[in-house]
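Order as written gives the chain letters A, B, C, D, E and F; numbering starts at 1 within each chain.
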Amino acid sequence: MGRKMKKELKRVLSFGAHPDDIEIGCGGTEALLAQKGYEITHVILTSGEAGSDRIPPWEMSAIREKEAIKAAKVIGACGVEFMKYPDGLTGFTREMKVDMIRIIRRLKPHILFVHERNESSLGHRVASELVLEALQAGSGPWFQEAGGEPWSPEIVLGYEVWHPLGRYELSVDISATLETKLKALTCHRSQTAGVRYDEAVRGLARWRGVMSLSGGDAEVFEVIKASQNAINCFKF
Amino acid sequence: MGRKMKKELKRVLSFGAHPDDIEIGCGGTEALLAQKGYEITHVILTSGEAGSDRIPPWEMSAIREKEAIKAAKVIGACGVEFMKYPDGLTGFTREMKVDMIRIIRRLKPHILFVHERNESSLGHRVASELVLEALQAGSGPWFQEAGGEPWSPEIVLGYEVWHPLGRYELSVDISATLETKLKALTCHRSQTAGVRYDEAVRGLARWRGVMSLSGGDAEVFEVIKASQNAINCFKF
Amino acid sequence: MGRKMKKELKRVLSFGAHPDDIEIGCGGTEALLAQKGYEITHVILTSGEAGSDRIPPWEMSAIREKEAIKAAKVIGACGVEFMKYPDGLTGFTREMKVDMIRIIRRLKPHILFVHERNESSLGHRVASELVLEALQAGSGPWFQEAGGEPWSPEIVLGYEVWHPLGRYELSVDISATLETKLKALTCHRSQTAGVRYDEAVRGLARWRGVMSLSGGDAEVFEVIKASQNAINCFKF
Amino acid sequence: MGRKMKKELKRVLSFGAHPDDIEIGCGGTEALLAQKGYEITHVILTSGEAGSDRIPPWEMSAIREKEAIKAAKVIGACGVEFMKYPDGLTGFTREMKVDMIRIIRRLKPHILFVHERNESSLGHRVASELVLEALQAGSGPWFQEAGGEPWSPEIVLGYEVWHPLGRYELSVDISATLETKLKALTCHRSQTAGVRYDEAVRGLARWRGVMSLSGGDAEVFEVIKASQNAINCFKF
Amino acid sequence: MGRKMKKELKRVLSFGAHPDDIEIGCGGTEALLAQKGYEITHVILTSGEAGSDRIPPWEMSAIREKEAIKAAKVIGACGVEFMKYPDGLTGFTREMKVDMIRIIRRLKPHILFVHERNESSLGHRVASELVLEALQAGSGPWFQEAGGEPWSPEIVLGYEVWHPLGRYELSVDISATLETKLKALTCHRSQTAGVRYDEAVRGLARWRGVMSLSGGDAEVFEVIKASQNAINCFKF
Amino acid sequence: MGRKMKKELKRVLSFGAHPDDIEIGCGGTEALLAQKGYEITHVILTSGEAGSDRIPPWEMSAIREKEAIKAAKVIGACGVEFMKYPDGLTGFTREMKVDMIRIIRRLKPHILFVHERNESSLGHRVASELVLEALQAGSGPWFQEAGGEPWSPEIVLGYEVWHPLGRYELSVDISATLETKLKALTCHRSQTAGVRYDEAVRGLARWRGVMSLSGGDAEVFEVIKASQNAINCFKF
C-alpha cells in the first residue's frame, strides 16, 4: 500500500452496547471493509458485566473485554475502546451524549454502524438512541464542550442483533467473510457457551441471503443517513 | 383411537396466499399437531401461477396445486382446498370475504393459522387482512348469505414468511418436526429450484430457536386472538 | 384440597404502578384465579403518595398502602409488596431493573400481569417497560447480582387502566366476580372519593363484555408472551 | 327563532358505515347540537343488510333504513340519505369518492362527523378513509365532475364505535342527552336484540366521562381537522 | 381597554426547549394573539448554552437569555421565565415534572403551546413529553406538593421546529405577522449567524400556506387537546 | 462525450401519480443527473384530468399531458410515458401491477424515484404502493406474463409532494438546479395558476437546505432500497 492508498483510507466506527454485538450485527461487512483497507474502530458502551448468572460482574467485565479485543482482531479492526458504562442501560445522560459527540468528532468516521432503531432489547435501543442523538448534535455548530469540529459520517447504518429488521434498505453479501465473522463471534466464549449465538447467526445470514435473492449469506442494514458522497450516482 | 378420542379431535385451519406459504410459516407446528391427532385443512388462496418467469400461468397453477397436495400429505394434513383467486392479490372483494366466512363457519376450526399482519409482501398482507376481516364478521350474528352459525376459533396465530415478526408472542419448539417441515417444503420443487427456501427456513428456525432460548429449532407466532379456553389457566 | 392439588397450585404475580391499578386492570380475573386456588402476589411500585392535592405525600402513602392491603384481601391475593419508588415515575434506573429481576426469580410466577405497553399515563408506561425489560433480562443466564435462576412465566398479560387497549388478544368473562372487583376497588377510598373509578370500571366492563360478544362483563388483555405450556393445544 | 337565528344556523353532516353507527358514535353530541338549532344530516353508506344471520339481506336493508330514520328523528336530525353501497365494504372506488365530494359540496357542512381513522372494523375504516379522502379532494379546485364549489368544514371529528380511541383530543359532556342517545339507539331493534349495544354504550359513556374528569357521561372525538374559525381564540 | 376587556383577557403559555424554539414554532400565531390582547408568557427549559461550538456554555446562556427576552418583546409577550435546565436534555426527572405542574397551575393558561410529539430532536421531544405529562398530572386532584388547583388549558397545540408535522389539524394564516415573526427570530443572532433559520422559516411558512390552500403564509399545529369551550360550536 | 461515456450512461425511471408530481418531488435532482448524462424517463400514472373544478376531464388530460412533456424537456428527461389510469386512484389492480413490472423490466433503471410511502394524499400513496409492490414482484423469477428478466434498480428513492417526510435518509443539494426545477414546474400552468406550487416548492427547498445544514436549497428523499453497488464503500 503506497502513499496514495493511505490517503484514501476510509474510517469506520462501530458502536455496540455489549462486547459481542458488533460482531453479531455487522462483523461480516466489517471484515470485507477491513480487507479493502478501511480503518475500523469499535466502541463498546458497556463491558457486559451482567452477561452471566454465575460469574460476578467484576470478573465478567475483564473476561469480556479480552474477548472483544480478540474478536476485533479476527475481524481486522484497528482498535477497541471501552466506555465502561454500567451493563443493563435503561437510559442515557447528557454526559454520555457529550462523550459520544467527542468520539465522533475525534475519529471522524466515514461509515458508522450502530444498533438499529427498533431493537427489542432496551440496552440496545438505548445505545442506538444515544449514538444517533450524538450524531445529530455533533454535526452542527453546537456543544463546544465536546471539542472538535462538526462532523457527519457519509453513511450511517443500523444493524440487527436480537430483533430482526422488519424492513431493511441495504443487504450486503458476506459469503466471503461468514467464516471470519463466526470465528470472531466464537471469541466471545463466555457468551456462546450458554447460548449458541454462532449457530443463530449462521442461520440468520442464510435466511437473509436467500430472501434477498442474492443466493449467498447476507447481513442486512437499516440506512439511517446517507450523504450524496456515499451514493455513487449522487456525487455531483 | 377410540370414540372418545375422536370426539376430542380438534380442528386446525390454515390459510396461505400461495401454495408453499403454510409449510414455510407453520409446517413444523402443524406436523406436531398432526401427530397428536388434530385434523388439519389447508386453504390456499391463489394457486401461485405467477410463481415463475419461464412457465406460463396455466401450467404453473396445475404444477403448484400438485406440489401443495403432496406437501400437505407430508405434514399430515387431511385436506387442501384451492380458492383459485388470481395470484398477485392487490386487495380483496366483498365476495372473497363472504367465501372466507363460509369456510370458517363450515370447518369450525379450533386453531387458525394465517399470515401475520405486517408482512412486507402485499399478497400475504392482503391474505391476512381478508381472513381476519372474515373472522370478525363471521363471529357474530351477521352475514346470513354465508350460511352457518357464528364461529370463533379458540386461538388465531399469525405466521411469518417473507418478513420476520418484529415481536412475537408464542414460540413453538419444532426440533422434532423440522425435517418433516423441510421435506414438505421441498415438495414445492417449482419454487425451491430457483430460490433456496429450504435453506432459508432451516436458518431462520435455528435463529428463532436460539434467540428464544429454547435451544432447539423454532417457529414463532403472533397471537392474534385467544379465547379463555385456549389458555390453560383461564378455563374457569 | 389434597396434596396433589397443592402441588399443582400456580402462582400469579401482578405489578401495578399505583396501589389501585391492579384492581382496576385485572381484579376480576384475579378473583377468578383466586377461587381456583392460585397464589396471587401484588407488587406495587409506588405507594401513590402524589394521589391527592390536599393530603401531603407522607400521609398519603400510608393511607394508600393500607387500602391496597385491604383490596388485595377482597380479591383473594396472598400478599402485597411495596417497592416505595417515588410516585410520578418518569423513567427507571438499572437498580430498579435488578429489583424486578430479583422479584421475578424469587416468586417464579406462572402468570404475570402488568400495565399494557401503550398506556397514555407515563407512570403506567414506565411500569410496563420496567417489568417487561426485567422479564427479558431475567429469563436468560444473565444478571448474577439479582440472584436466583433464570425464570419465564407461562403467560404475560397487559391490562388496561387509563388508556383503552386498541387491540386485545384475550377477553376474560368476569361476570361472576365483577362485584368482588368493585368491592376491592372501593377499598381505595382516598381515590374513588374524588374520581368515580368504580363507576368507570363497571361501565368499561360492560362495554368490553358486549363488544367481545360474550354478553357478560369482561376484562380484556394484551397477550405479551405465552409459552407452549400456557396454550392448551401446544402442550406436546 | 327569528331571522337572525336562521342566518346563524350551522350545518352538521355525519357519515356512518351502517345505520346505527352515527347514534353509537356521536348521537349524544348531535342531540346537543340539534337543541341549539343546528341542521343535522345523516349519510349512511350501507343499509346494513348483512346485519343478521337469520334475515335475508333484501329484508334487512328495508328494516334497517326505517330504524335509521326513526333514530335520526329522536336525535333531532333533519334528514337521512342512504348511499346503499353493499354492506361489508372492503375498499372504495373512484365513483364512491366522487359521490362523497358531491355530497359535501352540496350540503356545505360546518361540522363533519365520521368514523375515527383507526377503527378495527374494516367496513368502518373504509368509511373513514373514503370520507376523508373526499374531504381533501373536495376542498380544492379539483374534480369538476362532482360539481359545486370547493368546500371545507370548520371542524372534522372522528367518533368511536367498535374500537376505542387510544388518544382523543375532544371530550363532550353528554350527560344532558345520554337518554336521548340511548332512546335513538334502541330504535335499531334489529341490532340491539342480538347484541346489547345500548348497555355497552351507556357503559362506555360513563367510563369516558369519569376518566376525562368531567364527572358526567361523555363522548370523545379525534380532532381530524379544525379551521381557525372553529376555535374561539383563533378567530382573528 | 376597559375593565370588562381586562377580565376577558386570555392567557397563553408557551414552552420551548431552547431560547428560539417558540418564535420558530408559533411566533406568528402568538403575535396575532398579542394583538388581540392575550397575555403571553414564554417558559424556556434550557438556556441553550450548547448552542455553539466556539463560545463556552457559561457565556452562551447569558447571550441567549438576552436574545430570548428581546424576541419575546417583538412578539408582544409579557414575560419570559428560564428554567435553566442543562441544554441537551436526554430525559426528565420527577422534579422537573413537578416544576411544570406548578407553573401551569400558577399561570392558568387558556392556550398552551409546546413542541409537537414526534419531533426528531431528542431535546425537543423530551420537552414535549415533560409538558404533556405535567398537563395530565396537573389536571386532576393529584400532586399536592406542586401546590395550586387542578388546571386544564382550553386548547393545547403542538408546534413544529426541526421536524415537519406529518399530519396537522390546525393551520393558522400568519401573513399579517410573518415579518414580526422573522424580526423576533433574528433577535437570536447567536443562532441565525451560523444557520439561516430565518430563511428556513420563511420558506416553510410559504410552503405551509400554499399547501393548506390558504394562499398566504401559515403556521401549522397538532391539536393535542381541546375543551368544549375552545371550539365554537361545542359551547353548550 | 465519447463511446466509453455512452456505455456508462445510467438510466433513471421516475413515477408520478399526476403530471406535475415528479417535478415537485425530484425535479432538481433529476436536472443534476441529466447534466451528468443520465437517461431519464417519466412514467405518469394518471393524466390528472381531475385537476380542475372548471375544465372538463377530457380537455384537462390533454392539457396536462402537454404540460408534462414540456416540463420533462426542461428537466432534461428523454421521454414521458402516460399510463392514463383514471385520476383519483383509490387502489390498484393486478393488471396495473403487471403493467409496472413490465415497464421496470423493459427500462431496467439504475435509479428509481417514486412517491414516498407515507404520503397523505391517497392517490400518491397508491402510486407508491403500486410501484413498490411491482418492484418486489419484478425482482425475482416470477410473473412470466410481464415478460422480461428479473430486474432491481441500484437505488430506490421516495420523494415528497403534499406531505413532508418526517424522517429522510438522503438530502441532495439542488442549489445549482433550483431555477430549472421551478421553470419545469411552471410549465404546469393549469395547476400553478390556482395554487402557487412554485412558491411552495421554493420555500420547502430553502427550509430543507437550511435544516440539513447544507446551507443551499435541497430535495430530501427516503432511501427505500439500495444495492451494494449504489453505495461507494460497499462495492467489494
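Note that a residue touches a chain if its C-beta (ideal position, glycine included) is under 8 Å from a C-beta of that chain, and two chains touch if they have at least 3 such contacts.
Because the structure is a prediction, the values reported are computed rather than measured.
*Asks:* What chains do subunit A and subunit E have as common neighbours?
*Replies:* Intersection of subunit A and subunit E contact lists gives C, F.
*Asks:* Which chain's C-alpha centroid is most distant from that of subunit D?
*Replies:* Farthest from subunit D by mean C-alpha position: A.
*Asks:* Measuring centre to centre with CA averages, how many angstrom lie between subunit D and subunit E?
*Replies:* Going by mean C-alpha positions, subunit D sits 34 Å from subunit E.
*Asks:* Measuring from the mean C-alpha position of subunit B to the mean C-alpha position of subunit F, what distance in angstrom results?
*Replies:* Result: the chain centres lie 38 Å from each other.
*Asks:* Can you tell me which residues of subunit B touch two or more of the remaining chains?
*Replies:* Each of 91, 120, 140, 150, 195, 213 in subunit B touches at least two other chains.
*Asks:* Run through the chains and report each pair that touches.
*Replies:* Touch list across chains, by label: A-B, A-C, A-E, A-F, B-C, B-D, B-F, C-D, C-E, D-E, D-F, E-F.
*Asks:* Which stretch or stretches of subunit C touch subunit D in the complex?
*Replies:* 118, 120, 162-167, 195-197, 199-207, 209-211, 213, 215
*Asks:* Looking at the complex, which residues from subunit B come into contact with subunit D?
*Replies:* 91-94, 96-98, 129, 133, 136-137, 140-145, 148-150
*Asks:* Which of the residues in subunit C end up touching subunit B in this complex?
*Replies:* 10, 29, 32-33, 35-36, 38, 110-111, 139-140, 150, 152, 154-155, 169-173, 176, 213, 223-236
*Asks:* Help me check something: in the complex, which residues belonging to subunit A touch subunit C?
*Replies:* 50-57, 60, 86, 88-91, 120-122, 194-195
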